[in-house]
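The data blocks that follow each hold one structure.
Heads up, the next two complexes both have subunit A, just with different partners, subunit B and then subunit C.
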Partner chain A sequence: MTSLPLRSSRRAFLAGGVSLLVVGALSPVSAHSYSGQLPWLIDNTEPPVPVKPGGWYFFLPDEVALMSAICDRLIPADDLSPSGTDAGCVVFLDRQLAGPYGRAERLYMKGPFHPGLPTQGYQGPNTPAQRFRKGLAAIGKAVDAKTPGKKFTDWDAKDQDAFLTSLEKGDVKFGNGLDSKTFFAFMLENVMEGFFADPIYGGNKDMAGWKMIGFPGARYDYRAWVPQHNKPFTGAPISIAGSVQWGGKADK
Partner chain B sequence: MKRLLSLALAASALVAATPGFAEELANQVMNGRYQAILGDCSGCHTVSGGKYLAGGEALVTPFGKLVPPNITPDKATGIGNWSYQDFRNAMTRGVGHDGKHLYPAMPYPNYSMIPDRDLKDLWTYLKTVTPVDRKVVANQLPFPFNQRVVMRGWNMINFTPKTFKADPDKSPEWNRGAYIVQGPGHCSACHSPKTLLGADKSSGAYTGAELQGWYAPNITGAKRRGIGDWSEDQIVRYLKTGTDGKTTASGPMAEAVTNSTSKMTDADLKSIAVYIKSLPASEPAAPKPLAADDARMTAGAAIYRDNCSACHGAGGEGAKNLFPALKGDAVLMQDSVAVPARAVLFGSKGAQTAAAPTRPGMPALGWRLNDTQVADVLSYVRNSWGNAGAPVAASDVATVRKQGR
Partner chain C sequence: MSKVLPRKDVVVVGLGWTGSIVSHQLAEAGLDVVAIERGPWRDTATDFNVGYMPDELRYAIRRDLFLQARAEAITVRNNTGQDALPMRNYIGFLPGNGVGGAGVHWNGQTWRFYDSDFELKSHLTDKYGADRIKDLQIQDWGVTGAEMDGYYDRFEKLAGISGKAGNIKGEIQPGGNPFESARSDEYPLPPMQMTYGPSLFADITGKMGLHPFPSPSANLSKNYVNPLGIAMGQCTYCGFCERFGCANYSKASAQTTVLPALMRMPNFEARTQCEVLKVEVPKGAEMARGVTYIDSTGEEYFQPADIVVICAYQLFNVRLMLLSGIGKPYDPQSGEGTVGRNYCYQTNAGTRLYFEDDKKFNPFIAAGALGQTCDDYNGDSFDHSDLDFVGGAGINCIPSNGRPIETRPTPPGTPKWGAEWKKATRDTYQSSLAFGAQGSSYATRGNYLDLDPTYKDNYGRPLLRMTFDFPDNDLRMSHYVSDRMEEIAKASGAKQYTVSRQKKGWNSAIYQSTHNTGGAIMGTDPTTSALNPYLQSWDVHNVFVVGASAFPQNAGKNPTGTVGALAFRAADAIRDQYLKAPGAPLVKA
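This part shows the complex of A and B:
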């Protein structure tokens, strides 16, 4: 990579300014002014599209198996909640990584790529989809190096936990430009998002994550409950798609 | 308005030699413009957001589709070639230029009450409107209704030109209101039940009617379904601003408020209020409300709490001027659930008026609630807080959804 000049020359700055002015004068005007009434159209809703179940859009079969095993260790099934996989976290990750999130569409992804401060998050050139693809492949390799011919899914829970712990500490060397500690943190964050995001995105099945922590869903008005002290809120959690208390499942 | 002014100026230049004439002409144009407001010409003859009076959205009648024609003074596509006599025949006899019969979607049975003087002024005004070259095929009815001659028979059965007869026992205010409501305001066109032939029924006038997928509610003095509980001031405020503070005009009524009633004088609005409050109350007795433990009510209560209560209030009290109160709301008490079902499925937008320029709006919930859920929440609001109405079936909601907005 050629190093970029840190300071633009005065001449370049002025030339840039002039060209901006010219572009501004020639581009079609995209601003509108409204008067008289609000430009609000009736029934102009663009609701989020619910994730369709079935099939894999991003993960390869081996990755599905590995990711499911990891999710089941990060969020094991217990008396608090179903496992991460049963709650749909792998489906959530699959759909997110296959979509604009996986392609880093909302991020600035051009160089220069310098290692950032810990507070700045990931600064590398890989999209989330590339990070998962490379990270899971590196985990497969590391597992194979430890126990030749065996996969992560062949291990028992104790060994799996020990391996994940070493990932978390950064003790596993990926050797593909990724750092195991950063990757683990990233993967854990995404799995938790799957566990707590609205169910229409594929995870948090039956609002299991919300039931676990007592989150009543995205409601917008609690005024009626404000004066009711020390009484539990009894409404079932609601997701974007609705609530079990609404009934009417039959014709949905 | 600009055109109006320039016409008045041109007229004054032409007739400068005869002082008084220009002023007279300007007065005629201004009065004619007010007649167009009373008659809400633009309500039908202007496409939303389109050129003034250059033809409107198709009216879907039980007989087929009719498109309100271009009534700008364009010679080729409008009424530029009409004479005053043509116009008068159309307005009062239902017979257009070249003897063609009009369909009574054009409320000539009501307009026939307009006195000649006002009609002449209206004609004078219409000639000042900007001519627009826009061809409209008005008659899109299927056979046999597309044969305009059938209207001859219809007129024989349903139509006698009326002149308004003032009732000397009533106040001038009441009489003015009666004239506007029965005549140019053509309130019955939407609010009166229709016969099989599409004429106003002689009985049950103003007790509400289904129209183009909407339902124009009862506007008699009925307490539950009508405006019996409204004060005159409430009615005036509703017609002027689109809300009386508790309920909000929506759909075609919001348009009528925007285009017509909000531009009427306060005196005329008061007259309308006095008159409709005197309309004999007509409504069936309230049914017994659904029990609170009915499955539809419990589901409806949850749906209401999670989707509606933030704006309409946990007790259906609404928020003054902004969100309609559902407790005691007359629109919910009609036989038809078309209006509330549309509001829930597609959202709603209030009237925009000079007095209240920010139109309150309701978001669409049809993407989130299925037909059973919409039916249950409607059953709930119809049977809560003292309201009482027949439960709503999912099939009723399905019909409205299928029709679309």
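This part shows the complex of A and C:
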């Protein structure tokens, strides 16, 4: 058996810190031959790297303000949960877009690029990061065209909602190769990921999204509950980072 | 220039479900076997670690364990009038990558097909007349259900399938599927314990006169030691099953059922991060010399071998045959050629019930194959004399998870964001239940696979092109079963329900199923099948091609029970027949 190298570079890949250039196989782990026994190396796991809030890796200051205002309307604060922004959705988006996801490292990005049919899926040449950059810029422009000199953040909630609804319907012309309806759906999908993903990725702070619906998170053994039909599960949610029951910090 | 390696008896391409079974059977026969796998090594404790496996974003949404389109994409279109474009992200179906293949992150719904499915053309022609199937390219498999029984039994015992037999040696068994074809033995483990959702579904459908039974599951109902001496643990209903590796050794896969034994055999070697580019067959020859592969450093090797077994998953089995010039490519215009012929899929439709909030389903208490099925409208278990289609669908209530990025239903008409969306999401999460119809997919002349003329992979080779749409017959079938689902929804007492019917224009941009079948099908006639009934290529005699690629058409059931059984059948044929006269076809053309 040849020995396994530590997969440190793959860990960094998940964390989004390192840009990798590998032809063919996506992992930098090199080829191996195994025979005669099960390969085993205790240090061979790849846990996720927790996101620490503080600073912006992708968004520019104006984009942070705009994205925060949007997240506050998509997921408004009420008695069910804090707002999308307060739940960390913008931090989540920032780290995702700065990492391999934002760079489309897993997508097929060779041309030619044709619009195609809806049944053929997204066919644009932009990476997710480029889609956000261009989409947010186009929103800024559309807002300025409507109310010159003002920004989305200057509008009241009612006007913001009306504008988001027109984006959702595709009524706003972006004029930069992007279509507002597709962009809105894409942005909403990513915001919802932030609200409901494990808090380790920067969103769903204090498991706010999970608490809203009653999802218990990263629990792994429900056997005692299987026969308890039609009784709501009562355990507190647990994140990969831990639970208050374990002295973890995630659940305050 | 490729570096030439020492010869092996057998080279297996791909170390997933079928590759691991075939490798083990052949290594046990004393052959020197090397399996070449393009993805990484993966094992439970290291790669499906309980400390971080329950991570929806990483595994279900970003799909960490799956094949990424950057490594190999597929182009898609609905018919030859359209231009095929690459699926830039795998969405509609999700092929596997790495040791264990798609068997790592499958659900584990493990079926046998009916006897009539194997002799479908003969059966339907006898019963309903040739005219009924004239628009379809339905074929017999060249193997009977009775012949398959023993192979199914071996796969079920290897995997510790938990279920209740419906028909043992012709005797109908209470609690099982009364439509099942006769089998020789019971499942190795009893069914899983039911959660509330499937129990309610069984109540409702049972009262309507249907015949619900526990779906056979590769999520183990009890601790188990399989015939290779490998121990597995009881499923804990964690709800992170499909798209995830199991951290508990509870879901049957190559890792939990074969590899611990296989890896200890000195005459077996696994090479990972090595992608097979081509099976080398000299022009016009009836024997392959071996395979060429490239490792992750870009180094190219030639691995000579006496026998080549392609176990690379249905899609990549077909692509490798096309790239290697094994068999004649199928031409939908003339109907001639065999490789790429009879690509089929699965014709699915769904129903969702919205109850008052007195129902608490705890949707997160779930497993990939935990549920109830009614087979009253599957295959030919119901009379089609007065109907305008053939085929059918299983109606399954298998609520496999409550992971909230994807599973957070809201009643129709609810906005997708804002305060109203929040309230509806909160109110519905606990009180909604889904079930679905998994329907058969029958071949037509125009649904096929070939090489794309435009798009290339990282080595400059053409991608696989898929031309597929749901045949009219299958849509009529699906609508008929959707009507039956609607009857169940009406009887359920739900305050609201939705039925999402299947429609023309197969959509690759929403997940439907990773049950791709056909393209290198088995049969008794070399002009209409690429493989003989032992999965041996008609054209290149030391090449065997194992997987759902061998299905002439797909039944209304998940494929892997049958895929696993065929892996045992092919391995037996190599061990017991081929080795006696190497290089000879097992069936005279």
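In this section, the second predicted complex is superposed on the first by the 206 of 252 C-alpha atoms of A that agree within 3 Å, B and C clash if a C-alpha of one lies under 4 Å from a C-alpha of the other, contacts with A are read in each partner's own complex, and residues count from 1 in each chain.
In the analysis below, a residue touches a chain if its C-beta (ideal position, glycine included) is under 8 Å from a C-beta of that chain, and two chains touch if they have at least 3 such contacts.
Just so you know, these numbers come straight off a predicted model, no measurement behind them.
In the superposition on chain A, contact of A:78 is made with subunit C only, not with subunit B. Touch criterion met: A:219 reaches subunit B and subunit C at once.
In the superposed pair of complexes, A:235 makes contact with subunit B only, with no contact to subunit C. Which of subunit B and subunit C touches more residues of subunit A is settled by the count: it is C.
In the superposition on the C-alpha atoms of chain A, the part of subunit A touched by subunit B in one complex and by subunit C in the other spans residues 36-38, 40, 44-45, 47, 219-221, 223, 240.
Subunit C meets subunit A in the complex at residues 38-41, 43, 45-47, 49-58, 61-64, 68-71, 73, 76-78, 82-83, 85-89, 91-92, 193-196, 199, 234, 236-240, 247-248, 259-260, 263-266, 268-275, 294-299, 359-362, 364-365, 402-405, 408, 416-419, 422-423, 425-426, 429-430, 454-456, 458-459, 505-509. Per the touch definition, subunit A reaches subunit C in the complex via residues 4, 14, 22-41, 44-48, 73-76, 78, 80-81, 101, 105-110, 112, 114, 116-123, 161, 164, 168, 188, 192-193, 196-198, 200-201, 209-210, 212-223, 225-227, 229-233, 240. The touching residues of subunit B, counted against subunit A in their complex, run 295, 299, 302-303, 305-306, 309-310, 314, 346-349, 352, 357-359, 361, 363-364, 366-373, 376, 394, 405.
Residue ranges on subunit A touching subunit B, taken from their complex, read 36-38, 40, 42-45, 47, 219-221, 223-224, 235-236, 238, 240-243, 245-248, 250-252.
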